[in-house]
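Scrolling down, you'll hit the structures one after another.
Below, subunit A partners subunit B and then partners subunit C, in two separate complexes.
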Partner chain A sequence: MLLSPAERQYLYDSLVQNPPIRPDARNVFQCRPLEATTTFLPSSNGSARLRMTDGAECIVSVKSKVVKTADTPNLLEVDVDVQGYRDDSNFVATLKYNLSSLLHKNFPFEALKLTSRYSYKLFIDCIVMSNTSYPLTIISMAIYLALKTTKLPKLVSEVDDVNVEEQPTFSDDWEDAKTLGEATGSDFQPPVFITLGVIGSSLLFDPSLEEEQVLENGLIVSFYDGKAQTPLQNINLALNSNKNNYKGLKSTHIVSAISMVNKYCGMIIHALDTLIDQDEGDGQVF
Partner chain B sequence: MNTDRRRILGPQDARIPDLGISTNANNSMDIDPAGFAAEKRSSDIQKMFMKTNFISNANGSSYIEHGDTIVQVSVFGPRPIKSSFIEQASFSVECRFLPHLKQDDALDIDGDHHSNPNGRTGLSYTEHKISSFVESCLVPSILLDKYPKSTIDLHITVIEHNSESTSLTNLVNWITVASSLALVDSGVEVRDIVTAGHIISDGQHVILDPIEPVSKRTDCLVCFMNLKNEIVGIWVDGDLDNLDTAIEECNKMSRTIRGNINSYLLST
Partner chain C sequence: MDVSDVISISKPSIARTNVIDSDVEMSDTETNGAEQTSIVTPGELVTDDPVWMKGHGTYFLNDNIYSSVAGNVSRVNRLLSVIPLRGKYQPETGDHVVGRITEVGNKRWKVDIGAKQDAILMLGSVNLPGGVLRRKSESDELQMRNFLKEGDLLNAEVQSVFSNGSASLHTRSLKYGKLRNGIFLTVPSRLVVKSKNHTHKLSGDVSVILGINGFIWLSKTSTSNFTNNESNIAGNRVQSAIDGQGSYNPGVGSVSITRLEEESSWEIYSDKNEFIPTTVRDTITRYYNVIRALSYGELGITDQRITMGYQASLQYANVGKLVDKDAMEQICDDVITNEKMRGNL
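What follows is the complex of A and B.
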């Protein structure tokens, strides 16, 4: 919904207050409520569906394939499909670029290694069924849930195949399949992107559609391994508003964005983990 | 092109005061020719060549050579649109690599390393990313509401880019500079000229305008509107430690470039 100039001014004035007054009474570091289901696609290694209160919905599926490591430059491939946008549009291409670079820079690739010759390659397919605000956060959270619940079959053949060429063989029993966390032997937490809106001197986590229309700028910060990471970029979040308010940033904005992400993202990750624990994959979506 | 676009122009015989013109205004950066590559000091910015207003059917154009990078930008607009009324100009950017150039990105997922192999007309992901980054950098600087019912289109062509030696961020740095130069050349009203700085650092040492692959921890590209020191674009890869210093160094570099652009524009 596009706001009228008067509505925009009202919203702007309330958001530049210190502390900002957000239309849905959220705190600056709060994300919108979301609902998620995991492991519901029977033919995928991992899957997640995430829905937001504003009607945004995203489905992510993770599939795997055994490849020869030497022939494959990328062991991760992300594809994004947004309803209502062409695949070659700038909007979709930029989302895809950002998500790929996030995962390529922050991923324990050793977890995908099978033998000295073979690896798993992961295909992460994201479909945004509907979105109102900029969908990067919702896609990246859905990818988090899907990767976290991804299970890969257990290798039963020899690990060392340098001298003897051997096709990898896998256990027939899906109960033996390991999550990526178990494969790395650590608490694997996939990277996520957090979208921050900049307005006045304040930063707002996960801006809604209405907020995006009055924002002065936007930042995307990655979070992995318990702290803010790169890629870190600024981005124009408002898609179809006329960019009336668009302004430059101060370096204090960037510094405080990083410290806010460091401080609050742990909680977001914790909430997502709790969500997985509560959702005991009964395969029911509705 | 000096066509009137509903604004008050100065007198025809106006003379520009000879102020602030450096002695080597055209061949801007003050480094000896031998200061290339290996002998480049970490605080130096590599020599560059710039030229504007050479494409006659574009409203503004610019050309920058910098090391192995050659970028050409043309601006078309403000052009009237036929569809329904919009209260301010819509601004669009399209970046293309010439077909023979290898795009350095490991992220070009389809194993498609050429920007425009036969049969493909769309942009690659890298090109899309650069386009949207440059757009978000320049939008704050343009007075879009001066141009209702119109569009301003910016076409970037990367003529030469060595992905082996020059990082993508360094390329984007010069693309941004070339784009704002072309905007100035087109006469579109802007608040400030956007210039950029690119550094890499290993935690202790900072290298401005890196032109060789160096093992790096932080790779930081920041675009500024220097008048009010506003950051209009930021693109950081690697570590986030000492980001303050990195931004500060980028600011220094962008100011140097700005100084050179100023003296170039005054002397043309």
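What follows is the complex of A and C.
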């Protein structure tokens, strides 16, 4: 996206003020509103669809497969498809890498264990139907919703099969299926990513397309287990931009990013959980 | 601190439009020959009556006329057409539009105005520095990027529309030209109501240009553009003399006979913003969110509605709250109630 020099200057001057004046007057810690639906794909174990007011839309499906634990190096596989980008493009590869590393580092894998030989393997497929700003946050929130609502069939055969060669068998009744949270027996909260824009001394949550064009730097911070986690890295959020304003990152930015994420991300998780509670038992897509 | 201060996540709402008439009811109304509009979807039978001529948005198959777009049926004499609810902007001569330069070419600029094709702005259709009476020269052709370059926003008028639907623009008036001191947003082009004037001064030192193509420019009301006094012209002369030092500016030093010449200094192609106070920036964000709310509620956008929406938005002290769905609906409701009370509806 190309801005005229006057527009760019206006946006930059507004955003470097303290407190920054964002084009839509959002607070620095305020995300754009979302619309979400869960559990609407009938052939998936879990699914979610997330839409942003600017038209960005993402669908995530979680499917499962029973595998031999010993033969499988990772029990989670993430695939990302962005409309308008080649699968081997840098943009898609970076998104995929970030999401994979986020989930591999912060996931309760014991929830996927079936027996001493077998495990569930989860395939997380994300489709970004349209995007304007950097889609990492919206994808990771959709993954959160999909994983939270993922239901896996209940195992009815023996758990201990070290000495007996036995194929796992499952309950026919879908009502018996358990969510990952029920399987772990604890409050299961998948990790999420938050994108932050850096401009002047301020950090902006969830920068919009216009804001991305004038940012001095970008940060992606992951949030899991109630606090900011790794991976945490800086990134150029503006695509195809000539990076007029691109600058280095101060260490104070990272510190304040972590404290902001610690302070406000809990609320995002809370909002996502509230939506899942509302959505229970309602299989409508639109 | 409330969760909704950070993010609001809601379930998608079911479309709020009224139930669309069924085919049966429609054919009833057609036999009555009533001059009324109804909504049709692509592939829907509009009429099997052979008296109608097929217009835009329809196709003809086996003596029946079907709709090819989703929209309102319009009947003018014997001509039947369907006006699409959504779609690309279709330029018409005389439209005041806002556009963004996409390409600089041979004696012309290509301008994105949200139509099917980019519009054309000829070098001869702009005010060149130095005034209208000056002939455009070869050196003008060589330095077209100094006037307008890729990414620049401008407002212009559609001069003519070619047979393939693309438009030719001109900026030969002081109200047209490069845009500065503000922010750009788009709404669906159908929402902008055509009127005599598309540049409006709003309260709070903010101006808005409502391009008919749905491109909107919100800016600080310029001090120079709307005043028309001697001191301003004198100021411009001084300014252009300063600007002119060491650079190309024919006509600036000569005696001028029209104000247009005075205004048409290099200043009109400047990329520099004026000083914009924080209060004005805050007001602009409020208008920005009000226009977005009107667009969300599918309300036609006029300056009265923007003003009414602005008044309605004042109940939200925190302007950032206006991005939420509830707040946007509230503003649209308030605007409609207000109009009903005034008897505009």
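Keep this in mind: the second predicted complex is superposed on the first by the 284 of 286 C-alpha atoms of A that agree within 3 Å, B and C clash if a C-alpha of one lies under 4 Å from a C-alpha of the other, contacts with A are read in each partner's own complex, and residues count from 1 in each chain.
The rule is short, and it goes like this: contacts are C-beta pairs under 8 Å (C-beta built on N, C-alpha and C of every residue); 3 or more make two chains touch, one makes a residue touch a chain.
Source: prediction; values computed, not measured.
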Just checking: does A:Q83 make contact with subunit B only, subunit C only, both, or neither of them? Give me first, second, both or neither. neither
For A:S201, using the defined touch cut-off, is the partner it touches subunit B, subunit C, both, or neither? Pick first, second, both or neither. neither
By the touch definition at the top of the document, which applies to A:N236: first (subunit B), second (subunit C), both, or neither? first
Between subunit B and subunit C, whom does A:S186 touch in the aligned arrangement: first, second, both, or neither? neither
For A:S157 in the superposed arrangement: first (subunit B), second (subunit C), both or neither? neither
Output check: A:K96 vs subunit B and subunit C. Expected answer is one of first, second, both, neither. What do you get? first
Return first, second, both or neither, reflecting whether A:A36 touches subunit B, subunit C, both chains, or no partner chain. second
Once the structures are superposed on A, label A:I268 by its partner contacts, choosing first (subunit B), second (subunit C), both or neither. second
Subunit A residues touching subunit C in their complex are 2-7, 9-11, 13-14, 17, 21-27, 29-37, 51, 53, 205, 210, 264, 267-268, 270-272, 274-275, 278-279, 282, 286
Complex contacts: residues of subunit B adjacent to subunit A: 86-88, 106-107, 109, 111, 122-123, 125-126, 128-129, 131-133, 135-136, 139-140, 144-145, 224-225, 228-240, 243-244, 247-248
Mind pulling up the subunit C residues that touch subunit A in the complex? 1, 3-15, 100, 150-153, 178-185, 271-273, 276, 278, 281-282, 285-286, 288-289, 292, 296, 318-320, 322-325
Can you name the residues of subunit A that touch subunit B in the complex? 73-74, 77-78, 88, 90, 93-94, 96-98, 100-101, 104-105, 217, 219, 227-236, 242-244, 246-251, 253-255, 258
